[in-house]
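Note that chain A is present in both complexes that follow, paired respectively with chain B and with chain C.
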Partner chain A sequence: MIVAKKKPVEEIIEEVKNYEKILVVGCNECVTVCEAGGKKEVAVLASALRMYFMNQGKDIRLDEVTLERQCDHEYLEEIRNIIDQYDAVISLACGVGVQFMAEKYFSTPILPGVDTCFMGAAEERGVWSERCQGCGHCILARTGGICPVSRCAKRLFNGPCGGSTKGHCEIDKDLVCGWQLIIDRLKELGRLEDYEIIAPIKDWSTERAGGPRKVVREDVRQ
Partner chain B sequence: MKTNTPSKLEKILKAGHMAVTSECGPPRGSDPEAITKKAEMIKNHVDAINITDNQTSVTRLCSLAACIRLKLMGLEPVLQMVVRDRNRIALQSDILGAASFDIYNILCLSGDHQQFGDNPQGQNVFDIDSMQLIQMVRLMRDEGKFLGGDDIERPPRMFVGAAANPFADPFEIRVPRLAKKIAAGAEFIQTQCIYNLDKFELWLKQARDRGLHERVFILAGVTPFKSAGMAKYMKNRVPGMDVPDEVVKRMSGVPKEKQAEEGIKICVESIQRLKEVEGVSGFHIMAIEWEEKVPEIVERAGLYPRPSVED
Partner chain C sequence: MPLQEKIRSKKFVVLAEMDPPKGADFGTLLKHANLSRGRVDAFLIPEMANAVLKASSLGACAFFQKEGIETIMQVCCRDRNRLALQADILAAGGLGIRNLMVVQGEDITYGDHPQARTVNDLGLIELVETVQKLREGKDLAGIELRGAPDFCVGTTMDISVSGGLLDIELENLEKKIAHGVEFVVTNPVFDLRRFQQFLKRIEKTKIAVIPTVLLLKSAGMARYIDRNIRGISIPSEIIRGIQKAPDKVQECINIAGDTIVRIKEMGMQGVLITTAGWEDKIPLILNRAKI
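Right, the complex of A and B next:
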């Protein structure tokens, strides 16, 4: 999933303090699962904002809605007939949702309510960690199913570096060395000899470096 | 004797001499004397001088410019190059820049993570890794090609080195990793500072079992401790460093004013022991901000005078 974390309320207040009719929009997908921007978080943020405006002696309108997704036209359309009633929207979706809504509702300020962090997994309740950076060409078949791009601090294709200590990364004792994981897994799979195959230089043009990306599937296009 | 480059370091190693290299860290400023003074202190006692490349990610005068300073003094620089700060365009460009000054040695490194330095909020590059940098320099030198496939006019002629840390984890891949660097094209190796000699010898034995010592020149890295405090710091705070308790104890066991001498003594003893180990082709003496001690270490270790080789 796309993992996000809630922005501090003070930061959101700074952006919305001059508006009077605000809509807070949650998203029922990834940000609900990672407990940053679902219905529950919408309600929490909305009450914090109401409290703030009340303390300021300001009478404002603040409504809540949570959409199935904010990265699809279909669901974003559900607020088309109400959006003009507001002078700002706080979207608790990931950066994709915020932008997609802003494209659709061109004349309404759409403000982010979360910080979008990474694509990751829920290790345990309340702990999410990164697994993928969307580099556009997956090499997990070669690395024992562990990604050196997202799990090595230097994204080394031929790691580990000399800073790997007792399974941990040189930058943080609490961070697992991605290459230790790769080696452990290769060993488990009986493929440790693959370690000595030199990984070729990566073509980063399928990654961020190649500019904003697009996937076009003619077979499913209408 | 067939050499691949005009490198003096290569000639010395291929002639069968024990090589001695050392290193100078460039200054945090633009005073050229900071480099030339350090180089003057050690130039008669070493065969080549590494210039570090923004080591520990702290911004310094660039390695290339400092190497040019050494070259202008008639000395033999080893250009250290990390892949942290430059993409493949900049790396190739700097290699050509170095080649234009006839810098004949390069050490290919990944580089410490920027978090350790003075710009922890900066971006890192890691477009290619150190293994791939070795391959790239060999491609440029041996085939006269850019990574993109075009021909290079007057290709670089560089003796290609890499680092090895026998003490990092997991230990079981440390020899395979050396083999990989040799396969990538490394011709000489400078190791991490060695304090745990037993472990180093075990690593080297495993390398010898695979015949790797016949395919690459291994220069054992040594760093003298200035104080017991430095020994403790290296043990506890520097990632990938293995300082056994007995070494720390030995440093702490002498009075403060004699600790520097004890550090030199340990360093000299290490060299004397490792000189006898098959597969050690020389020493890389990293006297961190203590360059003035390099001549004494070299002399006491019986590595002086340095051999001369024809240009």
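Right, the complex of A and C next:
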């Protein structure tokens, strides 16, 4: 999932303090799972904002809605009939949702309510960690299913840097060394000989060179 | 007279581009520079123009410094993060390089290493700001430097834009000036009437505008550039002139030399001659321009 964290409410207030009709829009997908931008967080943020405006003696309209997804035309269309009633929208979706909504509702300010962080997994309740950086060419088959791009602090492709101590990364002793994980997993799989294969110099052209990326599937295109 | 002094005293400056080699042999580079030595105020040393691997600008500038030749070092946002950029700028200062030109850098996909990872940690305006901070004696972390580098700082300006993009370019120019930029180099100019129209929008008193004069090599090259390269337009009479000329290379040299003369007559602050590999022709262009 895309992992996000809630923006400090002071930062959001700074962006919306001059508006009078505000819609807070949640997203039922990733940001709901990581408890940053779902229906519950929409309600919490809306309450905080109402309290702020009340303390300022300002009478404003503040409504809440949570869409199934904000990265899909279909669900974003659900607010088409009401969007003109507001002079600003706070989207609690990831950066994708905020932008997609801004593209669709071009004349309405769409403001982000979360900081989008990474693609990751829920390790336990309240702990999410990074697993993928979307480099565009997956090599997990060769690295025991553990990604050196997202798990190694230096994004190394040919073994650890030498800075790890007792299986932990030199930049943070609480961070497990990505290459320790890879080696442990290769051992478990009986494929430690894969470690001996020198990985080629990474081709980053699938990552970000050449500008924003696009996947086009002619077979599913309508 | 050093370039900075000449720019500040509003004297016409002649710059010439000298591309470092793709390799470690600097012999030809020096040979070409020596051909126009003394007639050019400073050589501009590109930093991997078009994202094609070459020896670094810093390296070539240091090489020329040893030879007593004044250079303008290019620093480019594309390949280095803020640490590496600041380190190179400090090194340049320490080596006695007196001029810097800050560029964004063409995208890596244009070059010969499209698999490389683009850096762009700082954008053009931020890098200009960084240079200003270093000149004031502090790095980007706010830590005091042991000896601040001093440079005459330039950057680029796109004169091909119009409408809203022109407004953005002019706004950016103001930001550059505010951060201590003293000169801007434009894209290659062939159509001087169009260039004059552009100049009306710039307050030339605040900054030295230095147009680029590109040496064409053939009518085919001129046609290709006119059709395919964004930001450069070549009048058809120039292309026809090359086609008709009995000595086409001489005609190209004449076009470049005559353009310099007209740029000088327009009261511009200088010119940058760029020859795309024909650096040995720079003296011939200067002859034609009577420089």
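By our rule, the second predicted complex is superposed on the first by the 221 of 222 C-alpha atoms of A that agree within 3 Å, B and C clash if a C-alpha of one lies under 4 Å from a C-alpha of the other, contacts with A are read in each partner's own complex, and residues count from 1 in each chain.
Here is the rule we use: a contact is a pair of C-beta atoms (placed from the backbone, for glycine too) under 8 Å apart; a residue touches a chain by one contact, two chains touch by 3 or more.
Just so we're clear, the structure is a prediction, and the values are computed from it rather than from any experiment.
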| item | value |
| --- | --- |
| Partner chain(s) touched by A:K154 [first = chain B, second = chain C, both, neither] | first |
| Which of chain B and chain C A:V216 touches, first, second, both or neither | neither |
| Partner chain(s) touched by A:D203 [first = chain B, second = chain C, both, neither] | second |
| First (chain B), second (chain C), both or neither touched by A:A141 | neither |
| Partner chain(s) touched by A:S164 [first = chain B, second = chain C, both, neither] | first |
| Chain A positions touched by chain B in one structure and by chain C in the second | 201-202, 204 |
| Of chain A, residues touching chain B in the complex | 153-167, 170-171, 177, 180, 183, 195-196, 198-202, 204 |
| Residues on chain A engaged by chain C in the complex (per definition of touch) | 201-205, 207-211 |
| Chain A-facing residues of chain C, complex | 107-109, 114-118 |
| Residues of chain B touching chain A in the complex | 84, 88, 110-113, 115-116, 124, 126-132, 135-136, 147, 163-165, 168-170, 172-173, 176, 179-180, 183-184, 192, 239-240 |
